[in-house]
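Two complexes follow with subunit A in common, the first pairing it with subunit B and the second with subunit C.
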Partner chain A sequence: MRRTSRLSWLWLVLVGIFMLAPLLATLQLSLQAEMRSGVPISLKAYVDAVSNPRGIPTFDFIGHLSFSFFAALLTIVISTLLLVPTAYWTQLKLPFLIPVMEFLTLLPIVIPVVVLVFGLETVYRGQFLTNSTQGLYWLMIGANVVITFPYSYRPINTALQAINVKTLTEASQSLGAGWANTLFAVIFPNIWVGVLNGAFITFAIVMGEFTISSILGLPTFSVLMYSSSTNQVYQPAALTIISFGITWASIALLQFVGRRSAVADLAGAR
Partner chain B sequence: MAEGVDQSTGFLELVDVRKAFGQTAAVENFNLAAQTGEFVSFLGPSGCGKTTTLRMIAGFESPTSGKIIIGGKEISGLPANKRNIGMVFQSYALFPNMNVHDNISFGLRIAHQPAALIKERVDEMLGIIHMEEFGQRFPHQLSGGQQQRVALARALAIQPQVLLLDEPLSALDAKIRLSLRQEIRAIQRKLGITTIYVTHDQEEALSISDRIVVMSKGLIEQIGTPLEVYNSPATPFVASFVGTLNVLNVKIEDHVGGRVSAGDQTFNVGKQLSDVSSMVAAVAIRPEAFRLKNGSTEPSANALNGVVEDMYFLGSVVRLRVRVSDQWINADVFNNLHLVLPERGRTVTLNFMPEACMVMNQDAHSMTAEAGV
Partner chain C sequence: MARAATIERITSEPVLAQLVRARPRWLTWNWLGVLPFFIFLAFFQLGPALNIAVGALTDDRGHITLDNMQKIIGDEKLQVQRNSYLNTLEISVITTAAGGVLGFLLAWGITLGGLPRQIRLSVLSFCGVASNFAGLPLALAFIAAIGRTGTLTHALASVGISIYPAFSMSSFWGVCLAYTYFQIPLMVLVMVPPLDGLRSEWREAADNLGASRTQFWRLVMFPILLPSLLSALALLFANAFGAYATAFALVGAGAGESMVVSISVRAQFSNDSMTNPHLGYALAFGMILVIGLTVLIYTWSRQRAERWRRSIK
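Presenting the complex of A and B:
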């Protein structure tokens, strides 16, 4: 038993090193901006990443970050408005479509994002969605909704399966509520944690998404990271760490909200 | 058509209602007229169509054919949320995200009732279910019985024209079931709401109903008061499903005189058997119809001798399992302080009145009778 325990720890340590070593190396690099000046650890790269001291027009940290941030929020809103009613209706009235939905959630994982983008560009060529910056923005949002579909749909679906959707719906209807009231006053609050789960994962994905935005030429945070890596050394590393920080903060917030918001026992509805 | 089929008019009427799922008819030829304030139970085994019928009244299933009428208005085509019918579910179905107050007031808020009226109604409902101090608690903080009371209050708060209860006590323990069913009946009587109650528990149906609709395989077997259904079962199914039944295979000795024999013992069934074409039949007798010989007997009472094989203490009743020839009879004896029971292996004489015999025109083995504890 002891030998097994030591072996288990050994594997954990090895995997940990494998996972963390590149990140630690990046962190180390991001702190070495003033090493040649004799300062071994410095936050200069972080300060430069945010403040753009050279005044490079395309290097707009706040602009790129807010662009990605609002794109992520918009993706979350559209995904939620689309997927919650879809998952609800499937569970309630069309359970035979559940396997179909399960299959559809695999497609965005299987099909390369670059194929998706080129496909969209080809289909919508010559139309508003490809002819203007505004159109490209909405094309990006649509593509984001597709690539985050597996990660936003599954938590919502799991949350719906955890409550007795049919009985709650019937109880609501027996009290005079229509579909909208039932969905927003009864169902939605009881799957809130699942919606949040999907939202934060969506947020993390969209914040770090590069392929779609670079092909469409849009100024996202990941594009900023890439462009800075072409002529900077330490700032890309700093931006990478910032990006990881945002992602981990999202996950931590998810855990925190999930623990606080979950109803202890969905009494009577399981 | 089954006996007791209700063709009269009433507040809640189901007229020739039928429900088919594909080729299978879940409910067939259902006719019922429930009066205002009447408490009607749908009783039957699982799969008999009682819940399907209830759900058609609620609007969660559409009848394949037939009409459902409430207060003279046909509601068959109305969606569930437009029928003003309160429903209590087996699983309570309280909204987990709302406290007791909000659960009860949900229907009133949907109807955009004034805040003052909502408060008044909720307070009234909390008083009716004796849970005045529980308004701020959430469903997961309540016991099963409390949750079901809140579910009842929620259904009543909207002042429904009909109240539907779908096996509301099935998930509760025996003691809570007993007290809560009496409470439900008392509240229903006080408010005078026409109520349909679905249950597979015959004791529940017998104890609280004005009338019982006994169903089997989608059809109505009998509609009647608890007394009628128990004492005068219209069909072998009703006889066997409601209450415990002894079923004896007998040979008919005298069709006109109504004399039959079980083994080498004969007795009278109290009616002519001219309509029985064969020489054999099944005779059903309730366990409580028997008296041990030392009890008071009428001169016209039948007598069967048998050997006591076993005894079961059921609290208020002691059930004797007696072998009569090659068949068995369960005889119930009321428990009392001075009760003297025969020993196992002892021969006893069981007296019973001819009128207690129910003659079935079929072999006992083909019936769904329960001839034991």
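Presenting the complex of A and C:
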């Protein structure tokens, strides 16, 4: 058993080094902004990245960050409103849809993001969704909901399966509640941990989402990072660390909230 | 007399109510609950996907043809696109193998390998974050580390090892390196549950029957783990094949067009007046086919693993 343990430590250290090296290197680079002036560690890159001293709109940190933030919130709201009733009804009344839903959660993997955007572009060419900035925004939100659907559906579904949906519904209806009341006042409070789980994953994915927004030309946080990387040296590193911080915070909150679940299936944008 | 009766029947009950009564048996009001979602999906996923399939399999006059797909394989002018498929396949295979092996070793270490519980929790947490870190930030992090002016590049150069120009982050191997970074956490997250499901009693039983370590792994562990391994590797492959952001950030649109299929598809976007608009459709549809096949393998393997797991409970 001891020999086994030593090998395990070896793999841990080796893989750990590989995984931590890029992060540490980025951190180091982000702190080197004033190296040539003799200051070894400085937060100038972070300050510059966040405050955008020259006022260039492409590097508008607050603007891009809030754009992504609100896009994420909108995605979460629409996603939840669509998924919770669907998952609930499937569990309760339409159990033959369960395998259908399982299949649908695989679609966003089978249809890569680029292909999805390509399809959306060609289907809605010349219509509202593609020929105005406002329309493109909604196209992006729609695409966001689609790509986060598997990751937000799973926790909601798991949460629904954990509670006795049938009994709760019957009890609520026997006390005179209508569907809306049952859904919002009885079911939802019982599954809100699952919903929150899905919300955090969706948040992390949308905050880091690059493909859709770069192709459609929308000013998200990742587009800011990309523009920064083509022009600057230290600010992109600072932005990367900030982005890592946001992702880490989302996942940390998720794991704090969903402490009971064993291993959350997580994978984000590529 | 009969005519009066018919008129009375038709007008006595509202038309809408009659239609509702005449509907097929399975169309109950329950469908209303799931309708919004399915309509949304139809508009934002199924519609586009169908459009791509149709566009790829028909010609300009609307007849069904395999011509568009065949052109990718045969036409000399489409060498770039053909290369993108071959290169992406190579990248996917390499990074699936690398990520699979390293991820498996780490997953094994924190389950059967006996690493402390605290380490296991930290590794799983980190993997959750790391697999979400993929895409643009990851590419930037690698450039910051071993890009041309990266900190590790400098550190190595200061002790005399210069990796440039032999190696470049904006190359095939740079992309492979970056992809492996997000394949490893995915492998860990997917393999930990099946590894947790292995029982120590089997090792004892094997020992009892006189099996050596090699025999135990070859005849007991490996066959049991095979479906889970296969599904994990399929997932990794699909993941790598469909990736876009990481490669785009590292290689750019120009060189990327012959290296990664997703960038090749993206390149078809700006071509509003291209000679063959069906090329974009064909490339996109090809991606769906490849990944679809991989996901079929993934699903089949997973079902085998699930069925086996249930049968031993």
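In this section, the second predicted complex is superposed on the first by the 256 of 270 C-alpha atoms of A that agree within 3 Å, B and C clash if a C-alpha of one lies under 4 Å from a C-alpha of the other, contacts with A are read in each partner's own complex, and residues count from 1 in each chain.
Just so we're on the same page, contacts are C-beta pairs under 8 Å (C-beta built on N, C-alpha and C of every residue); 3 or more make two chains touch, one makes a residue touch a chain.
Quick caveat, the model's predicted, so the values are computed rather than measured.
By the document's definition of touching, of the two partners only subunit C reaches A:211; subunit B does not. In the superposition on chain A, no contact is made by A:77 with either subunit B or subunit C. Judged by the touch definition given at the top, the superposed model places A:62 against neither subunit B nor subunit C. Once the two complexes are laid over each other on the shared chain, residue contacts for A:17 go to neither subunit B nor subunit C. Using the contact criterion defined above for the overlaid structures, shared-chain residue A:41 touches neither subunit B nor subunit C, since it reaches no partner. Set against each other, subunit B and subunit C differ in how many residues of subunit A they touch, and the higher count belongs to C. When the two structures are aligned on the shared chain, A:167 is found in touch with subunit B, with no touch to subunit C.
In the superposition on chain A, contact is made by A:177 with subunit B only, not with subunit C.
Residues 263-270 of subunit A touch subunit B in one complex and subunit C in the other. In the complex of the two chains, the subunit A residues touching subunit B come out as 163-164, 167-168, 170-178, 181, 185-186, 189-190, 263-270.
Residue ranges of subunit C in contact with subunit A, taken from their complex: 28, 30-31, 33-34, 36-38, 40-41, 43-45, 47-49, 51-52, 55, 102, 105-106, 108-110, 112-115, 119, 123-138, 140-146, 149-152, 181-182, 184-186, 189-190, 192-193, 235, 238-239, 241-246, 248-249, 262-263, 265-266, 268-269, 280-281, 284, 287-288, 291-292, 295, 299.
Residues of subunit A touching subunit C in their complex: 1, 4-5, 7-9, 11-12, 14-15, 18-19, 21-23, 25-26, 28-30, 32, 81-83, 85-86, 88-90, 93-94, 97, 104, 106-116, 118-123, 142-143, 145-146, 204-205, 208-211, 214-215, 222, 225-226, 229, 233, 236-237, 239-240, 243-244, 247-248, 250-252, 254-255, 262-270. Those residues of subunit B that touch subunit A in the shared complex are 58-60, 79-82, 84-87, 89, 91-97, 106-107, 110-111, 138-140, 142, 147, 151, 154-155, 158, 164.
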